[in-house]
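Two complexes are shown next, each including subunit A; its partner changes from subunit B in the first to subunit C in the second.
Right after this comes the complex of A and B.
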C-alpha cells in the first residue's frame, strides 16, 4: 500500500493570481502540500506571503494564523492574527530578487476529511536573497468542521510568477487508501 | 503467461482492470523502463527511499549520488534528507553542510534559540545547512538532527533551495533552528557531499543520513 501519493501537480506557465486544487478526494488521512514559489510583488528587500483558504471560503473571518519568524539579523518574534479571511503562509521570493530564486514552502493539513474537527494547517518556509533573509513556521485554524475538498492559494500582494510549482500529496494510515 | 522482461497485451483495453493490468499499458517494453517513474510514478508511492549512509568510521565527506540511488534523482521534484550526526571539530556544537554537485556559492538565513535567547542571522555560506550537531567535546553518544527539503532539484530555471529544521540537545544546553539556504546555481542536482561546516574536521563515526525523493504528478 502506498502511504504517500501524488494527488496533483500544477506548474504555472504564466503569471497567475490564484492556484486551486479542487475535487480533493476524502480517501486519505492527511494532506501534504509542497511549493516552489515567487511573487510579482516588487519591494526592495522584500518578500510576499501566501494566503490559503479551504472550500472557496475566502472573505470571511474564520481563519487565524500563529507564526514564529526571524528576519535577517532582527530578534525573532511571534505573531497571532485572528478573525482573518485567510491563513498566512511564509514566504515567497519577490521580483527584486534574482530571477532564478523561487522559495520553498511546506504545508501539512491534518485529518482534513474527518468532518468533526476544525481544520488545522501547519506550514514552514523561508527566503534568502542578496540583501535579506526570512524564516517562518506556524499554524493556522479554519473554524469549520467541513471536510476539505478544495484548497486555494494566492500571494498576499502580487501574483504567482510563471514557473511556480505546487504539488498536493495524500498520506495514508494503517487503513488502506484508494 | 506474463513475462517479467517484456509485456505484450493480448486483450481488449475495455477489459483491463486498474493497476492489475498496468503491465499491458506498456507493450513490448522492458519492465525497467516503466516500473519506476512511469505509470507507477503517479499511482504508486510518491515518497521513495533513495540513498542511505551509516558511517563505520570518521569520514571527511559523506557522498550521495543519483547514480548510486535506488532510482535516479531526475525522477523526483524534491529530495528530503534526514541527518543524524556529529562532527570531530573542537568545541561543543556546530553544523553539518551539504555541497551540491561539489559546487560553490551559497547563502543561508536562520533563526534559532538556545533556551535563553533567540537570534536571526543571514550569511554567505559554503553549503546547504542540513543539521546542528555535537562536536568533539560533547558527551559521547550525543548526536544532532536535521530534516532538509531540497526544492525543485531538476528545474534548470531555478536555484536550488534547502529548507531545514534542525536541533541538538546536550543535557540542557543546545540549539534549535530553522534555516533556509540557497545554492546559486540552476544545475540539476546529481550529487551531494555532507561535511562539517568548518570543512576542517570529519563527520563522526555512527552518523547516519537517509535521502528520500518526492515525486511530482
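Right after this comes the complex of A and C.
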C-alpha cells in the first residue's frame, strides 16, 4: 500500500465561505493538507488569514496559535494567541492583489488519530504582492485528544475565491494500518 | 492509489555539476515537491536558485532567515527587479566535511493555467561552527508571476559554484483525486 494517499480534493467553482473535509478515516498515521487560496477580503497591501477547526468545534476557546512571521523588511515577529475559537493559518492573497495570485499554505497534522494526544497543527504559508512580502510559520494546539474526523477551513475576513484548491493527504507508517 | 510519484531523481557523480535541470515535467499532477541534499563548491552557503521554464523574470521572494546569533532572525523581500529566480539556500565546501544541506521546494498548483506559480522553500545549512554566517536556516516564499504550467526546473547555486559529488535530488509529482 502506498505510504501517501489522497483522501479528498476540493476545487472551488464559486466563492465559498467554508471548506470542510468530513468523514476522515482514522486509518492513517498523519495528515497533510495543501492549499492554494485567495480571499474575497479587499484591503490595500493586505492579506487574510485562514481559520482551521477540527470536528465541528468552532466557537469555543480550545484553540491556541503561535506564529513566527516576517513582513517585508520589518523585524520578524512572534505571536501567541490563546483561548481562541480557531487555529490561525497565514496567509491568503486578497482581492487587491493580481487576479492570478493564489497563495500556498502547507499544513501538517501529526498523530491525528492517536487518542492520547491533543491535536496539534503545524502550518506555513506566505504571500507576495506589489508592495509586501509576508512569510509565516507556526502552529497551534486544539485541547482535545479526540481523533480528527472533520476539518473546517474559513478565511478570517472574507470568503474563499473561486479557483481555490485544497487537497488532504493521509500518510502511513511502518505499521500495517493502511 | 499512491499520491507521490517520482518524476526525476539523481545524484552528482565523481567530479561536479554546474546545475540540475529537469525538463519535460508532465502537467498531470497537482503539485511538485523537490527534495535536495546539497553541497556546493564555494563558501559556507550561497543562494540556491530555482528557475522555471527558462524564464529569467518575473520572480519575487520573501524570506525568514537566520545565520547569526548577533543579528537574530531577519525578514526581507526581493521584488521581481531584484531576482531572476525563486531562491532558497544551500551549503558549501567550507562546512564541516561530508556535511550536506537539506532543502525542499513545494510548488502548489504548478500546472494550473489561471494562477501565478508560488513556492514554499525550506533550507537548513547546519555546521559544527557557531561563527556568524557559517551556518544558516531559511524559510522562503517565492512567486513566479506567470500562468503557464511549469514544465522545466533548473536548480543552481548563485554565482554558479559547482554542485559537489553526492549532491542529490528527487522531484515528486503529488497527485490530487
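Criterion: the second predicted complex is superposed on the first by the 177 of 178 C-alpha atoms of A that agree within 3 Å, B and C clash if a C-alpha of one lies under 4 Å from a C-alpha of the other, contacts with A are read in each partner's own complex, and residues count from 1 in each chain.
Following the convention adopted for this analysis, contacts are C-beta pairs under 8 Å (C-beta built on N, C-alpha and C of every residue); 3 or more make two chains touch, one makes a residue touch a chain.
Please read all numbers here as calculations on a predicted model, not as lab measurements.
In the model built by aligning both structures on subunit A, subunit B clashes with subunit C.
In the superposed pair of complexes, A:160 makes contact with neither subunit B nor subunit C. In the superposition on chain A, A:21 contacts neither subunit B nor subunit C.
Shared-chain residue A:2: touches subunit B and subunit C both. With both structures placed on the common chain, the touch criterion links A:49 to neither subunit B nor subunit C. With the contact threshold set out at the top, residues 2-6, 8-9, 34, 36, 69-76, 98, 100-104, 106, 124-128, 132-135, 137, 163, 165, 167, 169 of subunit A are in contact with subunit B in one structure and with subunit C in the other. Within the complex formed with subunit A, the residues of subunit C that make contact are 1-4, 30-31, 60-64, 72-77, 106, 108-109, 112, 114-116, 118-120, 139-143, 145, 147, 174-177. Of all residues in subunit A, only 2-9, 11, 34, 36, 69-76, 98, 100-104, 106, 124-128, 132-137, 163, 165, 167, 169 touch subunit B in the complex they form. Residue ranges of subunit B in contact with subunit A, taken from their complex: 42-47, 77-78, 107-113, 118-122, 149, 151-152, 155, 157-159, 161-163, 165, 178-182, 184, 186, 214-217. Those residues of subunit A lying in contact with subunit C across their complex are 2-6, 8-9, 34-36, 68-76, 98, 100-104, 106, 124-128, 132-135, 137, 163, 165, 167, 169.
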